[in-house]
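Once you scroll down, you'll see the structures, which are given as structure tokens.
Common to both upcoming complexes is chain A, partnered first by chain B, then by chain C.
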Partner chain A sequence: MSMAASWTGTSLWRIQASRARALPGLVVLLIGWELAARLLTDAFVLAGPTEVLAYLVEDRALMARALGETLTNAAFGFVIGNVAAIALAAVALAWPRAERVVTGLALLVFCLPLVATGPILRVLYGPGAGPQVTLAALAVYYTTLIPLLVGLRAAPSSWFDLVRSYGRGRFATLVHVRAMASLPYFFAGLQIAAPAAFLGAMVGEFTGAERGMGVLTVQAIRALDVEMTWGLATVATAVSILAYIAIGALGRRVLLDAPPVILAAPAGASRGRLAAWVDAGLVTLIAVGAWWLALLAFGLNPFFAKGPGDVFAALVLDDDAAETRAALAAALGETALFLIPGYLAGLLAGAGLAVLLILVPMIASSAMPLAIALRSVPIVTTAPLVVLLLGRGAVGTIVLVAVMVFFPTFVASLHGLRQAPGQIMDVFDSYAAGPVTRLLRVRIPAMLPAFFAAARMAVPASVLAVTVVEWLATGNGIGSLMAISASLSDYDMLWSSVVLVSVLSALGYAAVGAVERRILGTYAPEQLA
Partner chain B sequence: MAPETPPPRIACEGVTKIFAGGTEAVRDVNLTFEPGRTTALVGPSGCGKSTLLRLIAGLETPTSGRIDIAGAPPSETLRHAGLSVAFQDPSLLPWRSVRGNIELALQLARQKAADREVEDLIDLVGLGGFAEARPAALSGGMRQRAAIARALATRPGLLLLDEPFGAVDELTRQQLARDLPKLWEARGTTTLLVTHSVSEAVLLSDRVIVLTPRPAEIVADIAIDLPRPRDPDGLRAPDAAALIDRVVAALSEGMALPDRGIAAQ
Partner chain C sequence: MTSFPLTRRRLLGTGAAALGAASVFAPSRLWAQSAVSLQLSWLHSVQFGGSYIAQNRGFWSDNGLEVSLLPGGPNAPVEPPVVSGTALVGISAADYTAAAVEEGAPFKILGVAMQKNPFVVASLPENPVNEPADLVGKRIGMALANTPILEALCTLNDVDINDIEIVPTQYSAQPLLAGEVDCLLCWETDLPVAMAVEGVESITMLLADYGYAVHSQTYIATEDSLANRREELVALMRGEVMAWDAYRADTDAAAELTLEMYPDAGLDIEAQRMQAERQVPLMFSELTEANGFGWWTDETVAANIETLALLGRDVSPDLWDRSILEEVHGS
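The block that comes next holds the complex of A and B.
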């Protein structure tokens, strides 16, 4: 899910195909890492590549078992999540009026804080792989659904006319046009989904599984085992990058050409404000109804399975409702102090670096493949490293959130900057406009759609990052409150925080979408059409 | 060489099309097209002639008036795959080869055709040797020719051509102008050709309908009684030149109408 945003600027396959160019960058990275480790030997925070390698060789049996377990869970979740995404896309396609409600519900579920849904799922499923697989599926379906929806519509209307002119209907259109036209987008989604599934499975394993990379990670952090922490993060990173590259390679075999940049138009673009409110109301109503029905249908123990009424009572009616609200507000306040600066810093750094690089094209062409590879790293699995390096204070958390937001924003922005239409650039050249003028007048406006699509998707991603760090390491904020509530069996508090965090994430996403609509209305009106 | 469906007679009665935004594209068109004849619809760019074609194809429904194809509404012809459209934009599926795109039309129309027949069509439009090429590897003109071959593949009784030669180079266009009419004459196809090229209209058709600037209304209905087969060079002969002059004069007349064209600006 670190990569939640990455589909926005996806698959620069041509660039990736020449990923040999990433090699120098990778070598520099490894040497820098080793040097830093040598310099910081006494600090016990950083294990260099040689130490990590030695550790991995020594404990290869343990590592292989854990990796096998996590990969299995991730694979099941990957399949289930993607099948769900295809089914949801089919519903939206078959019933276009329902699309906004379907995507709204999907977003709300995507915004569920894994940190809290993990423990809840653990209680529901009991021991076993249930929560890991479910969380992997939850981490995946949205990143596939959105590109798929875009892809199913990504065909000129004349192709649909062609099918109609032979008297054939929607099914023939789906088979002959939509399915094929959506494939590049689908692969772009799958490419992001693969590392996301791995991350989801790992987070699931944090919640008291018996085996797996997540279990080892928790042990390593508790034991302050530097080599183990770095070893696990390295393996997770390598697996993610490999999965990303493998699906990319598969896509290149199957598809003719690289997909275009995928930009989901911001929700509510083409319809009125009233319709948007009606849809939001419907989404809320259906979500609450489904929640209530699920509890009823499964006959869950009311001690831990709280319904909408219980949460309402806990937050409003109960004697201690004021205390609950105060605790939640305090925790959310603490979290916001890390989340908002980290989010903004990540956006600024991502777009800023992209703009700088475009002025120095030589560096851009070798930085791009490296950034694409790093984008596929589930940043959350490297959370322990950031905490080791920067401590359990505010700086470590803010940096982690910023890093989480940085990569997708950077890649999307760089891609957007390069999208600047050649003909317009020629016009500017013909007036001998300097690089700065061209940047301000052409490239940055061309970058905005990709940048904002990344910024929107970065909202749930940054919430995930901050809550995981709070849970695993810092003991602050809403992430920690959820973890403590889970271990103290304070299920009223746990469910209330899940609801609050999900709703706030979805609102944050909508707020970025609103800013986006205002700005794109000026700079890229075609995106809103 | 008989068509799969018999060439229909088409009747438009008081056909008007006003789009959702309020744009009136076609106004009160009354026309009959006899079976097996080729008719060109000529008018300035954006006049609504493509809309008229789409109305006859059943891809749009008239706001008022009615269209009757062989005694039934266009939707019926559509349902029986009785017509083919070559769109202004070639609309080839990029993941299919030239042959694959032609076969798509047959698949959609639920027809079978011998490989030889598809091959002949590809040769007819001058794409021999490009059967396995994907659209991305073709020039704009070659794509349009592939789209024409696709439109012919299902042997439609009614063939609707929307500016089919826009991007085709001059020499190929002349070759097509020699070959295509032979094919649709042999098949007895009812053909409607939308174009803004006056010489193309005169060269290819039995009759030219001249339309005003938007909303399209009929200014002139000119019979082209030149002998067939015709040759592009034959357009310089006095009788052909006179017909071209008549069409041009009618176009100017349409432009000069009080509420549109030059007068409206």
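The block that comes next holds the complex of A and C.
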């Protein structure tokens, strides 16, 4: 297993593992943070590490109880969400015809905006931790499902032939080839999921909870308690980073084999447009049917639980339908102005930083903690700071969206870059090819499947980010429209927004998929089979 | 008006759970306890201090009622749990209730905790807003969703809203302290208290003193509950009335009780004491002096309807139903 040795010896693994080399980066980060806090003392937006530490020591009992509550809910949600992702992937694999329908439905559910699902979950569950756990699960299942599906196909066709030549069937292929091939992707998904689950559990507390980190965050922001706000953010970040490192360490223990060379024949005629339309139609049909059935099954009150018919009436049939449509269009237009630049900037920054880390491994020690921290600091606490630094205009929101998109893209791209097959790297080594050549010819093509999987996942993630920022910080666009509709009991408007946001997210996802198919057709045709 | 069936399974479930909890924590009682929920409009704080006193001193359990207090939050509208029967009574405000009724919810207002609307314009002494005319040329930080409130204030006081620069902010006093805005549209009892705890004195102009008449912290229930669950409603409101009178007698004790009952809410005792004291003048007036806590008259309702019309809400006086309160106060 010489290749295995060379792969596990890849500098990044070592850097992540070596705490000693991460220290200087962390120190720089802390000093920068402290200085920024000292500079901004009068602005009531940022507390430095010394103040935060003092606060955490003083209120450790309160913080421990809140952390215990939120972490428990996040952990349950994490497990449930990931088990659901594995189950969905299994369905898609056992019945390939269903894959696009499964992922389509999964996408639609993932796109349901928190602002709207929160109160409904609260009514369904009553008092307790139900909404917190559910929102945590909803925040993670999709970001695991998509890498898993990519990974289940990331094996050379010769391996499938080998299993077949032994006369074994699809189950053996699944156990011996696909499951093994999917593990690196699965762990990448789990790493991304950890901070998402925590954020989901926190936002779940906004639907009415007695205790938890989310409850304290709302309280701290209102009370102008900057030390508490950043104390909470620090704890949330630390927990997310620890989860990230722990999953990474687990991954290193499990993943011993080097990634294989995948030399697939160019994809044959892929399934036609007709099949795609049929799938889209099926997804719509099932979604509308499930929606209607769920309302019936749970016996939800029609005052706030609107069915497909109600939304159709609100958007098309009612006297004020034109007004409703105009309000929605205006809000969506406003949102798009933040969403699209933020999305693209996040993708670019994520892939860019991953590439930079491969070229200049030195910076990994300070870049990694910063990258994880950026993504893990709850968006509810960073929003005021970003808005203060960048103004209340579009830039602040765009940056916040980019931050949410950036991290999953970065992690996926990094994993993808590392998937460069050892044999090919050896060939380039023997020709004394420089790092840039290797990057362009081997690593980036190897990265593309993971990058595009991240780009697709980032569509709903960015929608989530933009609506949360609009809801909690800036007060414009579709996120704010949904919040206002909920507080004014305009549930027709709320559900119409939910439908439109979900459908538009799905369309955005399809558009990214179309670009992906064109590019992967050249670089990774096995993904298209 | 459409009738809304309650989901009985949910009701029974909640009741059973509450009963289970009650049997563990409360001393066993000889008479049957009826279990209901009160949906609060925000996270736990002394804003609901009276309800905590009612629970703590047994004002409800002595009347055969076990009440669970359900916390609200930034993403927890009060109306759905009340409409669906998860909560018997909810804490709302006349403007939100009016909006829900327009959308078909069968709500009635049973009592008014805040006689004066708690909205204020908060500013700093060096650049004060003492009256609506002072708003001209100022930058006001507020949630855009509250624009109708500012519009109503301007209409009532002949101020051109176009002379005011609205800066969308989230619910925090930070933009005022950072000098991004000159004033904030907020509640008398939250952001000014937060600033005071940080050592910043602020000037507040109560909208209610300039014609903005909207009942706040109102108790709402469905018509169905009013018809079929009167005894429980009376018991609940009786407990509230007794408790808020006790609250008024010792607001410090209410603040301390709040921290004792909800140690995980992250509340500051100093801020809670101040908030408890500041909401007294909003809740008690000559009207409540004469008639008791939660009361209203045809005149105050008429004033509310006028202001609500400015907010775009067409309301009729029968949104208010005083029958429960009349039974409680024995008039």
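Things to note:
Assume the second predicted complex is superposed on the first by the 355 of 529 C-alpha atoms of A that agree within 3 Å, B and C clash if a C-alpha of one lies under 4 Å from a C-alpha of the other, contacts with A are read in each partner's own complex, and residues count from 1 in each chain.
To be clear about the criterion, a contact is a pair of C-beta atoms (placed from the backbone, for glycine too) under 8 Å apart; a residue touches a chain by one contact, two chains touch by 3 or more.
Just so it is clear, the model here is predicted, and its values are computed rather than measured.
Look at A:162: by the touch rule set out above, it reaches chain B but stays clear of chain C.
When the shared chain is aligned, chain C comes close enough to touch A:303, but chain B does not.
In the superposition on chain A, A:210 makes contact with chain C only, while chain B stays out of contact range. By the touch criterion defined above, A:177 lies against chain B but remains apart from chain C after alignment on the C-alpha atoms of chain A. Within the superposed three-chain model, A:222 lies in touch with chain C and out of touch with chain B [touch as defined at top]. In the superposition on chain A, A:319 makes contact with neither chain B nor chain C. Set against each other, chain B and chain C touch different numbers of residues in chain A, with C touching more. In the complex of the two chains, the chain C residues touching chain A come out as 4-5, 7, 9-10, 13-14, 17, 37, 43-44, 68, 70-77, 79-81, 83-84, 86, 96, 99-100, 102-105, 143-145, 167-174, 177-178, 180, 190-191, 194-195, 197-198, 262-268, 271.
On the side of chain A, the complex with chain C involves touching residues 42-45, 62, 65-66, 69, 114-115, 118-120, 122-123, 126-127, 203, 205-212, 215-216, 218-225, 228, 299-304, 383-384, 388, 392, 472-476, 480, 483-484, 486-492. Within the complex, the chain B residues that touch chain A are 54, 57-59, 78-85, 87, 89, 91, 93-95, 104-105, 107-109, 134, 136, 154.
The residues of chain A lying in touch with chain B in their complex are 156, 158-159, 161-168, 172, 176-177, 180, 256-257.
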